[in-house]
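Everything below concerns the one structure shown next.
All chains are identified by letter, namely A, B, C and D, in their written order; residue positions are counted from 1 within each chain.
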Amino acid sequence: MEQTTDSALCERLYRSLYRIRRVEEEVARLYPTDKIKSPVHLSIGQEAPSVAVCDLLEPEDVVFGTYRGHALYLAKGGDLPAMVAELYGKVDGCARGKGGSMHLIDMQVHMMGTTAIVATHIPHAVGYAWALQRQGKPQRVICFLGDGSTEEGVFSESLNFAALKRVPILFVCENNGYAIHSHISARSAQSDIVQRISGYGIPSARVEDGDIFRMREAARTALAAVRDPQGGPYFLEILTCRLKEHVGPKDDWHMGYRSRADIQALLANDPVDQLAARLQPESRQQIETAVEQEIERAFQYAEESPFPEQEELFQDVFA
Amino acid sequence: MEQTTDSALCERLYRSLYRIRRVEEEVARLYPTDKIKSPVHLSIGQEAPSVAVCDLLEPEDVVFGTYRGHALYLAKGGDLPAMVAELYGKVDGCARGKGGSMHLIDMQVHMMGTTAIVATHIPHAVGYAWALQRQGKPQRVICFLGDGSTEEGVFSESLNFAALKRVPILFVCENNGYAIHSHISARSAQSDIVQRISGYGIPSARVEDGDIFRMREAARTALAAVRDPQGGPYFLEILTCRLKEHVGPKDDWHMGYRSRADIQALLANDPVDQLAARLQPESRQQIETAVEQEIERAFQYAEESPFPEQEELFQDVFA
Amino acid sequence: MSLHDGGERTLTFAGAIQEAMAQEMERDPTVFVLGQGVDDPIGFYGTTLGLAERFGSDRCFDTPLSEDAVTGMAIGAALAGLRPINTHQRMDFLLLCMNQLVNIAAKSCYMFAGAMPVPLVVRGVVGRSWGQGPQHSQAFHSYFMHVPGIKVFAPSLPYDAKGCMVAAIRDNNPVLIMEHRMLFNVQGPVPEHLYETPFGQARVLRSGDDITLVAIGHMVMEASRAARQLAEEVGIAAEVIDPVSLAPLDMATICRSVQKTGRLLVVDNSWTNCGATAEIVAQVSEQWQGSRPVQVKRLGFAPTPCPTTRPLEVDFYPHAASISKAAFGMVRGDGQEWNPERVSAKEVEAFKGPF
Amino acid sequence: MSLHDGGERTLTFAGAIQEAMAQEMERDPTVFVLGQGVDDPIGFYGTTLGLAERFGSDRCFDTPLSEDAVTGMAIGAALAGLRPINTHQRMDFLLLCMNQLVNIAAKSCYMFAGAMPVPLVVRGVVGRSWGQGPQHSQAFHSYFMHVPGIKVFAPSLPYDAKGCMVAAIRDNNPVLIMEHRMLFNVQGPVPEHLYETPFGQARVLRSGDDITLVAIGHMVMEASRAARQLAEEVGIAAEVIDPVSLAPLDMATICRSVQKTGRLLVVDNSWTNCGATAEIVAQVSEQWQGSRPVQVKRLGFAPTPCPTTRPLEVDFYPHAASISKAAFGMVRGDGQEWNPERVSAKEVEAFKGPF
């Protein structure tokens, strides 16, 4: 891990990482009770890209993400109780229970609604960024995407469009090496995604070692390029590692489609542990206690929130 | 134009080029009579890529092309009377009139049926080539495509698949700079297609000057790579120029979306003229006379062929 | 709303669309047009002519051949507060962006409990005639009728071409407008001022007591011809209804007519199987619940892909005489048959391609 | 064909599919399977388990996330003489390859006058329950029924899961098989030998004189429960028909039943609008031509996207009690109402996700 002397930064990043991890651990713990009746795609192990990038964003900046969206939602400042209530299918959920874990949204903090069809959101992000550009708005759009989404045709189409119109947008590819149980090498001859897209004329960078500070530095460079009025799109690939099964709360190392050994280097850099070790014990304690309390309240809130009324079934089909 | 002393080659190429051009000129001439009741996308000006590549093919090699398919159909050895009859919508047409100009086919010479949805045939060609590979068959697949088709998502998806499985296939991109009236620079930041696809790890080459011998040499290298049992896909981009309007028989220089000046260099290398000038007058005369007679017979055949019977409407919906 | 509230001014169907877009772009700076060739010299069958010049190249612009991403990018722009109009030269190409339209545009508002509505207009042209062939002739309105969350217009009159466009642009939801290639040159009264054709309101174009003809898109012209032929040649009075809005669908007007006539013939510019004709017939039958016999019948594409060659293409489509014949059979009973003469369809015959 | 010609051996629906594919792959070396995750430890809900090991990685293999190209590449392989089976974990993802399926697979044979048939099997799984939400719960069989040139199966019994797969693999045309997620663990008799479920032949699962229940896919289970409930609790005898083959559709069997009962209730695992229910009702109504009153009604998804939260999801789907209630209303007349108790659906309740 890179050295940094900025302890406020360390605390901020740790708080965000720890909070995401603990929320998801709670989700995983609760899952077998069947209180959360919808597929959850946990980010445990891959919290860092969202945290690193969002740490540098302005509140007005807009993020688009995927069904694996808890980390991004929380890192961007999304409402935690509303998220948990959404997982519970309750009316106080961020989508009134209609969306569930795969369809989180918090327009207050410019976290756009996420969808469950891989790669569909990529052109939305480009279109949104193009619209902001046209309207001369200063905020920027960041589009998070998985490695699997880069194989969908719409990804290439979107990159071509972004390059053509010099749309100011930052793509952040969270390359965890897998789409469900398929390793990237079974899906593409070129596992290095930055290399695969090199022909589009979009500047790019790749962070390979799981170091959150390096991710953050790369994101800073990327954002500076995207914020430059003469800038255009930028593509940032971050290697990372999903620790749980693709969907659901369990570990799946026993399945045999991957092994811990493959990701030893990334695991060694797990920023939750690393930052924890680096903080002053008291400040760490303070952060963790506050987070635990917040989480407890959030789950309490979700427990107590009612389910939507039957007539809500028919509401909001049209605006 | 490159020098070559092989007069048999020159004659062969000239015959093929001249034949395509003259067939299409006849189509254009006849078009206003309304005998050909379907959209025609003429290849006039861009006969050379098909001729150069097909000159090197084995009869068993398989070609996939587009709705702009007259040149490829003829260069691959497709049945001329059946093609003209198809344009007339007659029952002796290569698709019994059901397809028309956009849907030519001649399975006898392994010219696969062409379709009218841009880029759809690209994955077919890859799948076909993959199937041949799996079956250990020696013949190769050549997939012709337009510059516009490279913007469709399915193009990238297909390239990724071909690279992944090392499918032995030759892509030939006939880059005429336009999709209908849109110049490539209005559609992509990167007009150099070989450059745009450089990240896929597929070897490639680009022929820029319209010289048919250079095209043929590039195709020879490409085919050698694709025929190599250890080989995989190869991408050949050939700059070329459509001289007529996008669809229909007319010139369209007056429309103002392009100018002759832009393509001066390519025009200067028009291989029909250049080869004509290089042949012995007698052999040129012989070729042209034979071609004219063949064309006359083909149109005669089409004229005389009946339309399909009414009940054919319901035939061949299913195999 | 009367078809003549603007006096006697006429425009073509294409001109009416162009005017609607231009006036709305003038009124609302968030409206913009994107699609292949919309800024070229042809101007999308004339419907986008002059827009790029007048409103600038960021409000009317060409796109790459990327139907899927372009639809997605229009959705993204809609989420950012703009009002995109995305064109498709053929509805057949819509099959490339079904995911964006059905999985996203139609669901975004609901899935996020109202927080992400998508005000998007999609224009899809149905090709026909002169050898368009199997892949340039399809009409997929029923695909969008099937799915909640997206509205569907299919105007047949220049008046509604304008009114539907205006209503679609102003609506806060995704709206598909099906435009038939054969209609673009048809002239009709079109008021100069801005007006909206309402969603969910059918138009009774001709009244009659013997049979109800519901026709969609271009088939409205053929059904109107059939109604004239039926009246003039065999004295049958057909009521002709143009639903205009397919989703929502004005079943009340259709049922009121069927209540009177007891006979319903639905004619579509697509296949009947699981199509708009199936839905209309099914709804009428459900509403009747056996209380009184009603005769129903459907006409549409032959159950085959569209052949290219003219003689087969001619049989592929319903037309005035086949509609007349079917209506006659329903009104006069199975015993009698009538083989009416083919009625000329000028807009079809005039079309000499190529596109 | 009897459901018991293989004796008492039972398999799950998923096991029946797996067996069909394995036996066909054994029989015919041109058959192969491709799709996301087909060779992973889960084996596509168990339906592809062991195939890669047994037949090699070129006959059962994983693909990139490229539905469009993978469909196209399967079509290409089919043109080259192979028999691909392409899987989709959700039918919702089929929207990404509609162009290949509708514009190519369904038309290739016709467009080239028989020279390029496409023997392709497409397997689409319909998700349901436990918060699958709006984008993992759709059934698009009607999209394929709409278009000529492609066949559609929707088996509900393990017996037909095998028979349809065998028939689909052997057919020389594109065949879509709709497989419902809730059915995968259902057990039923499945003969070990190879047999084909015929295209265009419906299955009468229960006979009765009062009302005809036509149910599609998973709704066959709910309709059968409703029929039991109706018989036991209110003495109404419902005939239950599973069309099995949706294109071609066996209307003769349905009409024969309606002739007897005079009442038709069609229940689908999709929206009704322009769906399979519309087609079946429309065809019955057309055939009747008013000669005798027949009551018709349809049930399907609520006219909304599918909500994720359980209480709303429960109301989104038709179920045994809502079917019983509707049937009761039709048989006993509008005056009477009955609110039957909710019948438990084990296969739905047992499902605890996540996928």
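Simple rule for what comes next: a residue touches a chain if its C-beta (ideal position, glycine included) is under 8 Å from a C-beta of that chain, and two chains touch if they have at least 3 such contacts.
Remember, predicted model here, so these are calculated numbers, not experimental data.
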| item | value |
| --- | --- |
| Number of steps on the shortest touching-chain route linking chain B and chain D | 1 |
| Most distant chain from chain A by Cα centroid | B |
| Whole-Å separation of chain centres (CA-atom averages), chain A against chain D | 36 |
| Distance from the mean Cα position of chain D to that of chain C, given in whole angstrom | 31 |
| Whole-Å gap separating chain A and chain B, where each centre is the average of the chain's CA atoms | 46 |
| Approximate Å spacing (C-alpha centroids) for the pair chain A, chain C | 42 |
| Sequence positions of chain A contacting 2 or more other chains | 95, 98-99, 103, 115, 117, 151-154, 157, 160, 164, 187-188, 317 |
| Touching two or more other chains - residues of chain C | 63-64, 66, 68-69, 92-93, 96, 99, 103, 110-111, 133-135, 148-149, 303-305, 307 |
| Touch-based graph of the chains, sorted into line, ring, star, complete or other | complete |
| Chain C contact footprint on chain A (complex, rising order) | 95-96, 98-99, 103, 105, 107, 112-113, 115, 117, 120-132, 134-135, 153-154, 157-158, 160-161, 164, 315-319 |
| Touching residues on chain D, where the partner in the complex is chain C | 68, 92-93, 95-96, 98-99, 102-103, 106-107, 110-111, 133-135, 138, 142-143, 145-149, 247, 262, 270-279, 281-282, 284-286, 289-298, 303-305, 307 |
| Contact footprint of chain A on chain C as seen in their complex | 58, 63-64, 66, 68-82, 99-100, 103-104, 108-117, 119, 148-149, 151, 172-173 |
| Contact footprint of chain A on chain B as seen in their complex | 151-157, 160, 163-164, 166, 187-190, 195-201 |
| Chain C - residues contacting chain B, complex | 36-37, 40-42, 62-69, 92-93, 96, 130-136, 302-305, 307-312, 315-316, 352-355 |
